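Below you'll find a set of structures to go through.
Paired with chain B in one complex and with chain C in the other, chain A is shared by the two complexes that follow.
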Partner chain A sequence: MDPYQFTKMVGLSTGEKHFIWGGIAQDLRSDGRQRLHYRPISVETGVIPQANGSARVRIGATDVIASIKAELGKPSMHQPGKGKISIFVDCSPTAAPMFEGRGGEELSTELAVALQRCLLGGKSGAGAGIDLSSLIVTEGKICWDLYIDGLVVSSDGNLLDALGAAIKAALSNTGIPKVNVDLGPSPDDQPEVNVSDEEFLQFDTSGVPVIVTLTKVGRHYIVDATSDEESQMSSAVSVSVNRHGHICGLTKRGGAGLDPSVIMDMISVGKHVSEQLITVLDSEISAAEASATD
Partner chain B sequence: MMYSDIGRLNCNISYTTFSTSIRGQGSDNKEFSAMLHKALEGSIILESFPKTTVDVFALVLESGGSDLPVIISCASLALADAGIMMYDIVSSVSVTCIGKNLIIDPTSEEEDHQDASFLISCMPSRNEVTQLTLTGEWTTAKVHEAMELCIDACSKLGDIMRSCLKEAASTLQ
Partner chain C sequence: MRELQVGLNQTQKVRLQSALRQLEELSSRVSNSSTASVTVADTIPVNLEDGVLKGHGTTEHNGEVVATLCGVVERVNKLVYVRTLRARYKPEIGDIIVGRVIEVAPKRWRLEINFSQDAVLMLSSMNLPDGIQRRRTAVDELNMRSIFEENNVICAEVRGFQHDGSLHLQARSQKYGKLERGQLLTVPPYLVKRRKQHFHYLEQYGVDLILGCNGFIWVGEHIEANEDEMMIDNKSEETGKPDLKFTALEMQEKAFTPFVTRRNICLIANAVRVLSVLGFNLSLEVIIDTVEASSSLNLDIKDMLGAEFCVLTAEREVKRRITLIKKKC
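What follows is the complex of A and B.
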């Protein structure tokens, strides 16, 4: 079962379906947008004081919060020179009644997996949006474990793009405390750790990609689909693209098959759209940061 | 369960405890199961069996890299063998990128050192991609190269799968 169907429990009449299809075919969607236009995006940073960094992103009626917590941990045996990042997503029952209890679990895992794929790069860490070696405190002994939690507060389609944007904004808002480590005289000693609560290190978020989802409805594809539009999709491709125009991850959902040439076309369109999205997001994030420090 | 006028597909992948070099370290089955579901659902004519569920269970006996593509191709063959109506068989191939080199059908060691990965499952006769995932940093040219490599491999694998089915059918007669 497609977990996305929970978000698209929209009962559309035949007339409404035709209206959506016809609008997309004529490049004028129900809310007046063109096929490759995003809804207005608003970003708010520092919404959760308890976290090391947080952000809330609203795209139309879609509302998500990302929070980032850093905890000291031990690097894994295989990669002693790298920190760890885990991404979780939670769908709040306020977004849709179906998310009550275990209802949103399947969608949550799917979103979390897609985000991991899009943000964390390959197994060796190459191409990751966040440099894992910057999270190391003492090689092989102490590192930062970064917990990224996404929360879907309200859902009106395009959750993955919104979560990606929220994580990007939250990371730029994140301060990692400076750590002083006092290594004992012998290498087996437990090192003494001193976490500063005054000095913070900022993250380099320039490499964090944005996610663009192209939803195929009929013969055309659109960006930033609302849940009404998502209910009419045959398949969707999410591409994550970084500042250099490199593709950092890709996932496809929806049952219908796609011609390889269509996929290549979607990738290049996604790349093009991502340039505008990065510009919009960057200015929104810096505006949010500026208003937060005021 | 709710009434459905199309068939349902249910996929489950599990690993034996001895399938990996470290005991009981089988990969995240839930994620794999979802991927298997997505790769197969587009190929099955679900309309042909309403009110019915098809269960696909995959058990990995020995994990030696490229697990998921093998599982997908294998499950598709099993569905064909079961006589489930399908548009086409699904063949799946993965590619790993280490440095500048593309390696098709990587082993576990190669997967552990991968900089980027690319997995595709497609229906060769219809030339349709049912599932595609990509991790790591890629340029468009490289994606194109990997895609062509994989599509070509998928169609070759599809031919092998087809002849295997024919052989099984002829020995039955």
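What follows is the complex of A and C.
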């Protein structure tokens, strides 16, 4: 993404920019947070009844919805033992004036690609945060295709982390119907499939990573940047970390280059922050699930 | 205003609801029967034989006067109109506003002020930096960017509407002008009531607070009216470019707002944020009261935006209004 795109949108004066820089240098940001503090996160699950799973996550004024739709499909030839997941992101034109018309498309694709990289691992499926082999029904014949859709309702920075959190929450809200398969007499026959309306299998989300974006402004880097702070960034590194502290994916945005040692430093800080984020998110998700069942 | 989301737990929800209900009761007790509030399609009782003048927000339907807006019915002699409670900012002459420059045009700056149209600040309706009263020359016009650039936040006064319907501003005093070293907050404009004073210098905090009538609120480091401004101008001339980003970082860090002042700015800004989320009117006393409450609770600044403080603020407001009513009685 063009880092200066946001500058035009927000339009800060030199004085305000200087104030933001100073705040980050002095470890006291405009809303009183320190560099490695997140804004309060709130999670709501089951917001879309038609979907298999859905969740809405709000971080400050950033508001995103993720929905998950499962469909039966055929596994690809190269990976007969694995299901398929595709991620799409849409930026609502109501979120910001720059998303009007085709304005949000570039950002949407970039967010979708970053999410794929952070959650799905490489092309071969290695290092995936979501276990694809759990989506298989009959090897080589039938598997579940998961369509993950993200919608940005309101944008105040840190969209990637919010979308990552929403997808994690939506996955834990997802029930995949139980399937009974009648294999035909010969292996070439199309197997008969019976989808249960009542029995659902819970998705195992313990391995799903969270995404922590570290935005570099000046010499320091911050987590959970607001859009004002994002307009001042030189580059941003997004690390997706799972519960065991393993890095599942890594993306970098922004024009400016980074020294390898800085990246290593950012990764270790991101890993440290992710521990707190996972704890907060887990408690929020279980609270949301509890209130949904009430 | 992008609303901050507060995640309340069950007890906090109950407490907030009871506080808000109390506030509602208090306000209904204060207002007498003449100020009836109406919603859209409510009939406004009038004596039609008197020849009523239907004003803003009213229309005639089946021989009755009906409200087309939500608000409070106001009657001035024969005129009946609805004063809306939530509406976009409507400028009045003499309002002190905070705005952002969006365009430098010939002899004028165009400003975004949260109104349905952009406001205009003419070069001729502001004092020049040298302070001399004279005709504006072509040279002055060429140097307009040295006074205000695009995106600058400035403070001015509403001068009035011109014949063509455009809104003009003026800045004929030292107290008006560019605002730097601080943050701009946006709140719903109906939360800022017109007062005698909109500029506040909070000495104990070393902070300037400007409550713009248009809902733009500036919280920044205190700047002495005359000398400091000149110094800042000199500084930017020395460095040659206003974009300090890539000049010596060491120099810049010295120029940053002192940590204590920054703490106070963030404190006050968060107090304003909490109050605007709750929809309480913003006056200096209430803001200071909220700031003091947070420091007496020994809260972290960022926790001021949390659920607990939000509920506490609502409960404090109830107490404050009860004491106000008692004083009146």
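Here is the rule we use: the second predicted complex is superposed on the first by the 287 of 294 C-alpha atoms of A that agree within 3 Å, B and C clash if a C-alpha of one lies under 4 Å from a C-alpha of the other, contacts with A are read in each partner's own complex, and residues count from 1 in each chain.
Here is the rule we use: contacts are C-beta pairs under 8 Å (C-beta built on N, C-alpha and C of every residue); 3 or more make two chains touch, one makes a residue touch a chain.
Quick caveat: nothing in here was measured; it's all calculated off a predicted structure.
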Clash or fit: chain B against chain C, after overlaying the two structures on chain A?
fit
Should A:Ala25 be classified as contacting the first partner (chain B), the second (chain C), both, or neither?
second
Once the shared chain is lined up, is A:Gly83 touching chain B (first), chain C (second), both, or neither of them?
neither
Given the touch rule stated above, what does A:Gly157 touch, chain B (first), chain C (second), both, or neither?
neither
Could you say whether A:Glu16 touches chain B, chain C, both of them, or neither, answering first, second, both or neither?
second
In the overlaid three-chain picture, which partner chain does A:Gly104 touch, first (chain B) or second (chain C), both, or neither?
neither
State whether A:Ile267 touches chain B only (first), chain C only (second), both chains, or neither.
first
Three-chain overlay, closest Cα atoms of chain B and chain C, distance in Å
13
Touching chain A in the complex: which residues of chain B?
8, 30-31, 34, 38, 41-43, 97, 111-117, 122-123, 126-140, 143-144, 147, 151
Tell me, which parts of chain A touch chain C in their complex?
11-16, 18-19, 21-23, 25-26, 28-34, 37, 39-42, 58, 60-61, 63, 154, 156, 218-219, 284
Chain B partner, complex, touching residues on chain A are 1, 78, 106, 109-110, 113, 117, 120-124, 126-127, 237, 242, 245-253, 255-260, 263-264, 267-268, 271
Which positions of chain C touch chain A when the two form their complex?
2-7, 100, 102, 149-153, 178-184, 220, 242-245, 249, 252-253, 255-257, 259, 262-263, 266-267, 269-270, 273, 300-302, 304-307
